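Accompanying notes for the structure given below.
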Amino acid sequence: MSTSEVVELEGHIIDSGLMERAFTVVMDMGAEFEVEEFRVGRHSDEASYCRLRVFAEDEHTLHPILHELHQSGATLAAPTDATLEPAPEDRVVPDGFYSTTNHPTDVRVDGEWVPVADIEMDCAVVVSEAADGSVRARTKVLNAIEGGDRVVTGDAGIRVKPPERPRGSSGPFGFMRGGVSAERPSESLIRRVAESIAETKAEGGDVLVVAGPAVIHSGAGPALARLVREGYVDAISAGNGFAVHDMERSMYGTSLGMDVETMEHPRKGHKHHIYTISQVVRAGGIEAAVEEGLVEDGVMYECVTNDRDFVLAGSIRDDGPLPDTITDAVEAQNAIREQAHEADLVLMLSSLLHSVAVGNCLPSTTRVVCVDINPATVTQLLDRGSAQAVGMVTDVGMFVPTLADELLE
Amino acid sequence: MSTSEVVELEGHIIDSGLMERAFTVVMDMGAEFEVEEFRVGRHSDEASYCRLRVFAEDEHTLHPILHELHQSGATLAAPTDATLEPAPEDRVVPDGFYSTTNHPTDVRVDGEWVPVADIEMDCAVVVSEAADGSVRARTKVLNAIEGGDRVVTGDAGIRVKPPERPRGSSGPFGFMRGGVSAERPSESLIRRVAESIAETKAEGGDVLVVAGPAVIHSGAGPALARLVREGYVDAISAGNGFAVHDMERSMYGTSLGMDVETMEHPRKGHKHHIYTISQVVRAGGIEAAVEEGLVEDGVMYECVTNDRDFVLAGSIRDDGPLPDTITDAVEAQNAIREQAHEADLVLMLSSLLHSVAVGNCLPSTTRVVCVDINPATVTQLLDRGSAQAVGMVTDVGMFVPTLADELLE
Amino acid sequence: MSTSEVVELEGHIIDSGLMERAFTVVMDMGAEFEVEEFRVGRHSDEASYCRLRVFAEDEHTLHPILHELHQSGATLAAPTDATLEPAPEDRVVPDGFYSTTNHPTDVRVDGEWVPVADIEMDCAVVVSEAADGSVRARTKVLNAIEGGDRVVTGDAGIRVKPPERPRGSSGPFGFMRGGVSAERPSESLIRRVAESIAETKAEGGDVLVVAGPAVIHSGAGPALARLVREGYVDAISAGNGFAVHDMERSMYGTSLGMDVETMEHPRKGHKHHIYTISQVVRAGGIEAAVEEGLVEDGVMYECVTNDRDFVLAGSIRDDGPLPDTITDAVEAQNAIREQAHEADLVLMLSSLLHSVAVGNCLPSTTRVVCVDINPATVTQLLDRGSAQAVGMVTDVGMFVPTLADELLE
Amino acid sequence: MSTSEVVELEGHIIDSGLMERAFTVVMDMGAEFEVEEFRVGRHSDEASYCRLRVFAEDEHTLHPILHELHQSGATLAAPTDATLEPAPEDRVVPDGFYSTTNHPTDVRVDGEWVPVADIEMDCAVVVSEAADGSVRARTKVLNAIEGGDRVVTGDAGIRVKPPERPRGSSGPFGFMRGGVSAERPSESLIRRVAESIAETKAEGGDVLVVAGPAVIHSGAGPALARLVREGYVDAISAGNGFAVHDMERSMYGTSLGMDVETMEHPRKGHKHHIYTISQVVRAGGIEAAVEEGLVEDGVMYECVTNDRDFVLAGSIRDDGPLPDTITDAVEAQNAIREQAHEADLVLMLSSLLHSVAVGNCLPSTTRVVCVDINPATVTQLLDRGSAQAVGMVTDVGMFVPTLADELLE
């Protein structure tokens, strides 16, 4: 073992799993460690500290280990400034660029730790100087990189802070920790989700709902509309289809041609869907359609009337699309990114595509509640290293009305 | 084409799909047909009639075609008596035995059509003479065959009558025809299921509930108990686990160790489960445990108190088992068979194993409602050729309480 | 019943299910029928004919019934020309526009039946005059409608021809008819798919592969690349992620950071993914990256080298994207539409989003083979009314290599 | 905090997660801890040691915490003998009985630590004296408890030893750690499973295969038969259906009536299934049927011919059953328990019911490979706290032949 480096771990490093992870990473990746110092927090509110020397055959082996320890929250013992390299051209990163986690992160520039703004996964970090001469650091997706941007490379001068588990009581989200299951008391669980939403609103936070077409097909549209109207939902992120189904319901009483109340098929099939788009196109957009009186209730109606933000992202499956739908994937992702960064609690309802897109932009500190009837969808959405995400495998057609009853009655 | 046979089709043979199926079978199986006579019912309430001659290369090809036409409801033009062969020994069928469908069926004995009692799929038909000299025909599973039983062989002298679709209005079950989907208005669907149950009870029919452990885990136990108490459920078919979870809930307030109200884990884990069985063993069985006051509410409590029939079938996964659990698979199947034959409507709740077992014993004329959060389970259960089966992909933890509210409020 | 209309059904109307469907539609929708004439095809190769008078309370009831009969293949007894209305403005259809099925369709203009070009579901039909004065009819999606386009409205003068089932032998696709199942002999099934592909190529047809990222992750990339190289695949339809994973494999030997051979995680995680995009951006696109020698094998490499068409459609989940990715959903859909219209056999591999998009544009006469490990995906993709679609629930990581072995060895 | 207790943790307590779990349990359950002593292993092969005092409000709170720490591997600082209470009657446990984990466990009797034989989850521990005066301890399921058995109660005098992760290299099973996914290179994964089996056999270990009917339906029967014949499979655990399908294949070339090679339905449907049972009943059982020449190949044939152990457990879904099928659930579970205790590697193939039953009886030190096309099944089977279990979501119809090729060619 001819080379070594010292890293430090500090905080609630035992119960957050950081110590375990550090030992495991070193052993798994073919290296050795020596614990140079270890001070355990004697009580639950005292931090622990560990100074670990990692030995490896060569730099080539050592480097990825340090990177991995780093991404998990360890820091180099002797911090240096972050290395900055200019992006060679638009949408091209310099070699060895640092790729972010979704945890809060600082970079060290001129001896100062600067927090990285708009943290999200799998981005580059760009450092710039503000008008007042202060240093700024923020994430940029590859597509937003401009030639000459000063991009952080390597792992030096970067500090990652994964959220620690709450001390003592496990908080409003403690109730569902440890996996996803349909075999839990459904009504009790919904009560807890309602409490989390109420708490978020009471603290002045923003609730973002990501909604798929199944919300409308399953009859949950009016309940979601109520939640928007009553101020429990601040923003909607959805696709073209969701908005069309919602307005079709208002204009024709059907969803993809099926009468939502009587479940009878007036045999108009897909036609109402196309008509809805056609009418909204003629009116000039959703807001105009509401003002004209074409659309008189539903989720989109409440968004327009109560001035809630909505983003409709286009997809290759869409009919139409509506004039409000953002058909360019890059533009749509940017609009979603803004919604995600503003949200304090995100409720994902039966929408894999849009939920993944929103989830990609979320820091690990945002609360996420994910509801779907398909356990694989819930598992995939929760699998983002976030301690703040909970999942529920249930029927969205009963979940949303029950949630609305809990919050509004 | 050197051999041929004439079959007749009669009834609503177009809209029941029988004509289509007959043509398709003949062509698929490498034969030819000639329509000798065809009279179409000119209005929806007039029967149609078709006499079809089927030509094949040889008897070897023709035989399975006639068999298939037969199973679908065609009859040989010149009916002869059914062929009866003695079973060579216990649990052994004679060669060429006739294997039943789940449709109403008659066999011809001494020139008379005798209805086959207790029709269910994949059985043999045994003909016997009653004490009063009358001829009886009934299904027997392989295991019940006794040496010497007169078993129907071949297809001659057998008449199968698949249910026709209702004329005009599509009846209480029309609402969900045509597949299974989670994307339907959940609350409206449950209202229809409630109407079907109410109607069945109003007609003096019996409702059998097949229930899996998820009914208890998901918090739906009290609602199901209410339905039993109020007379909407006449019988329960379940496994050892269901009954233990239900009584654990009454005795300890937990289900597999999790508090069903607060969802907190008192960390007793599996122990309450074992204690529950142990206590019931000590008491001498479920009825005794209820009488002793050990079990004071829940589904099993209501069954005992209100004298509802229950069958608990054992499985190799079970702990215990309870003294009431029938551990022998053959005996348990026989008990299930009796329940199935008495039921007019079967509600299958989150239980694949028991639902398949019950479904195997049901005639195609019994109404079936199948509820599960897993669409594959619903599809598998409905795939039994029954026009009377409807499925719903939803969360049983919300379905049962909503159903109880619909029926009882 | 104060109003009536006469429709005709002709062809193999019994075994195609058309007769059954016609009777059922009339009864389900609250009307009555009278069979005015019925001639049954006496043998399997003779067409049948039925003239049916449909009675309803009023025009309001009758109209949707006629529409429905129509979409299934019935024609009005006294054909008139199709009604044409100008589109009021861009992307707005005239009231009562005719919405297409995916079956071959004709419209009657000036007494002549004109086939509708580029048939696909849920489109409008636009009639125009060609340079040589001949009448043309073609489908247009809502988004392509221009103000003034002469759009077919109502059902008059339209003839829909659903594919009939093949007479006699059931053709190369007969083997999998009747549902989707994982419980079929996997190796035998793949042999049949190979035969269908070989047959399509032998007839000079085009094979389009729709591929998801799982093709690469599961190790099937090299086998698909072989099929492209050897001429069994004419075009690829995929997303940005597929192409990036494929080229990451060539450039770094990893797929999302996992070594595809050793399954070891070099712990570079997502970074190789971003590097790959970054490098291809720098090179100027996929073709340039291949020419530069950056990408030396894989599916994209073979497409470039062997001049196969590929469409990469963007989505809001994407990183990057690559310069070749079409980020606008409408443009991407148009590109997919072209691929779909040229294909004679479509192989859908583990890609729900792209497969739905392609499927939406396919006529019901194109052969489709859909492979996914998730039965729900296969079921959804097959549920398009196409007699030519077969599904297989299996592991794409073993399916593609086995298929390549079948075709190439 | 008026009461406290000291526990000790020793071994690789950081990277095994024991330290993390201990801290978390104490905090989650509303108590406090004080670290009285902590010695960290400075290198990966040195054990660590922690002495932890746990404070709680009262004994009622403290007790379950100590229990939980205990089950995870902590020991009381001052060990006392285990408490033994007589079982009050057959199948009834004394109050406060100790319920086992699936980890290696010792109990302290007369100052000596005695290993608990036949460790499996959710059992009681019974202590007895052997003929030679030595003390024995073994697990008993509730059903096996006899009145008077000396049963361990409470947590004192019990030591649980969860397996630690291997030092350094991650062993033959390292390759699939960390979850279940269909998106992994299928062929590489199978190669690794083959290596594990070969290694187990080379070490003189026993391989148990748990097989569902899908193994036969999917065409994998001959490959599994080869593995039995060539000595890679020592025992088969399955249901009645598996054996019948396997022998139907040998006797009629069909599986539930479908020709496994040509996939054509000879339209005999379920009849071959019943005939197979009937014939084997007549012969007197499977061994007799093989000897008579009725069954000439397949998995059951190879088991009989090569003298491999097989257990067929009955279920309420079965036809027949075969004379060899154990219809009593308790007896069948006992037979399965014996197989499970003898196995060194268990391969679970598409069989949820039987795999759960086998899994319930396995110690956490037995290697398990679980293969199913349904990710939910794989997840459920792996969720048993075993570090030695790996899962693979793939098509068993391709998995088994590929595995056989890897092992035999």
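In this document, chain identifiers A, B, C and D correspond to the written order of the chains, with residue numbering beginning at 1 in each.
The rule we apply is simple: contacts are C-beta pairs under 8 Å (C-beta built on N, C-alpha and C of every residue); 3 or more make two chains touch, one makes a residue touch a chain.
Everything quoted here is computed from the prediction, not taken from an experiment.
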{"item": "Proportion of interface numbers common to subunit B and subunit C (over half same, under half different)", "value": "same"}
{"item": "Pair exhibiting more inter-chain C-beta contacts, B-D or A-B", "value": "B-D"}
{"item": "Centroid-based (C-alpha) most distant chain relative to subunit A", "value": "B"}
{"item": "Approximate Å spacing (C-alpha centroids) for the pair subunit B, subunit C", "value": "38"}
{"item": "Chain centre separation in whole Å, for subunit D relative to subunit B (CA means)", "value": "34"}
{"item": "Between subunit B and subunit A, distance of the C-alpha-averaged centres to the nearest whole Å", "value": "46"}
{"item": "Sites on subunit D at which at least two other chains make contact", "value": "376"}
{"item": "Subunit B residues within the subunit A interface of the complex", "value": "175-176, 182-189, 192, 213-214, 217-220, 258, 260-263, 373, 393-395, 397-399, 401-402"}
{"item": "Residues on subunit C engaged by subunit A in the complex (per definition of touch)", "value": "29, 64-65, 67-68, 71, 88-93, 97, 99, 121-122, 124, 141-143, 266-271, 273-275, 277-279, 281-282, 313-321, 327-330, 332-333, 336, 353-354, 356-357, 360, 374, 376"}
{"item": "Residue numbers on subunit C that touch subunit B, as the complex places them", "value": "14-17, 19-20, 23-24, 26-28, 30, 32-35, 38, 40-44, 50, 165, 167-168, 170, 174, 375-376, 379"}
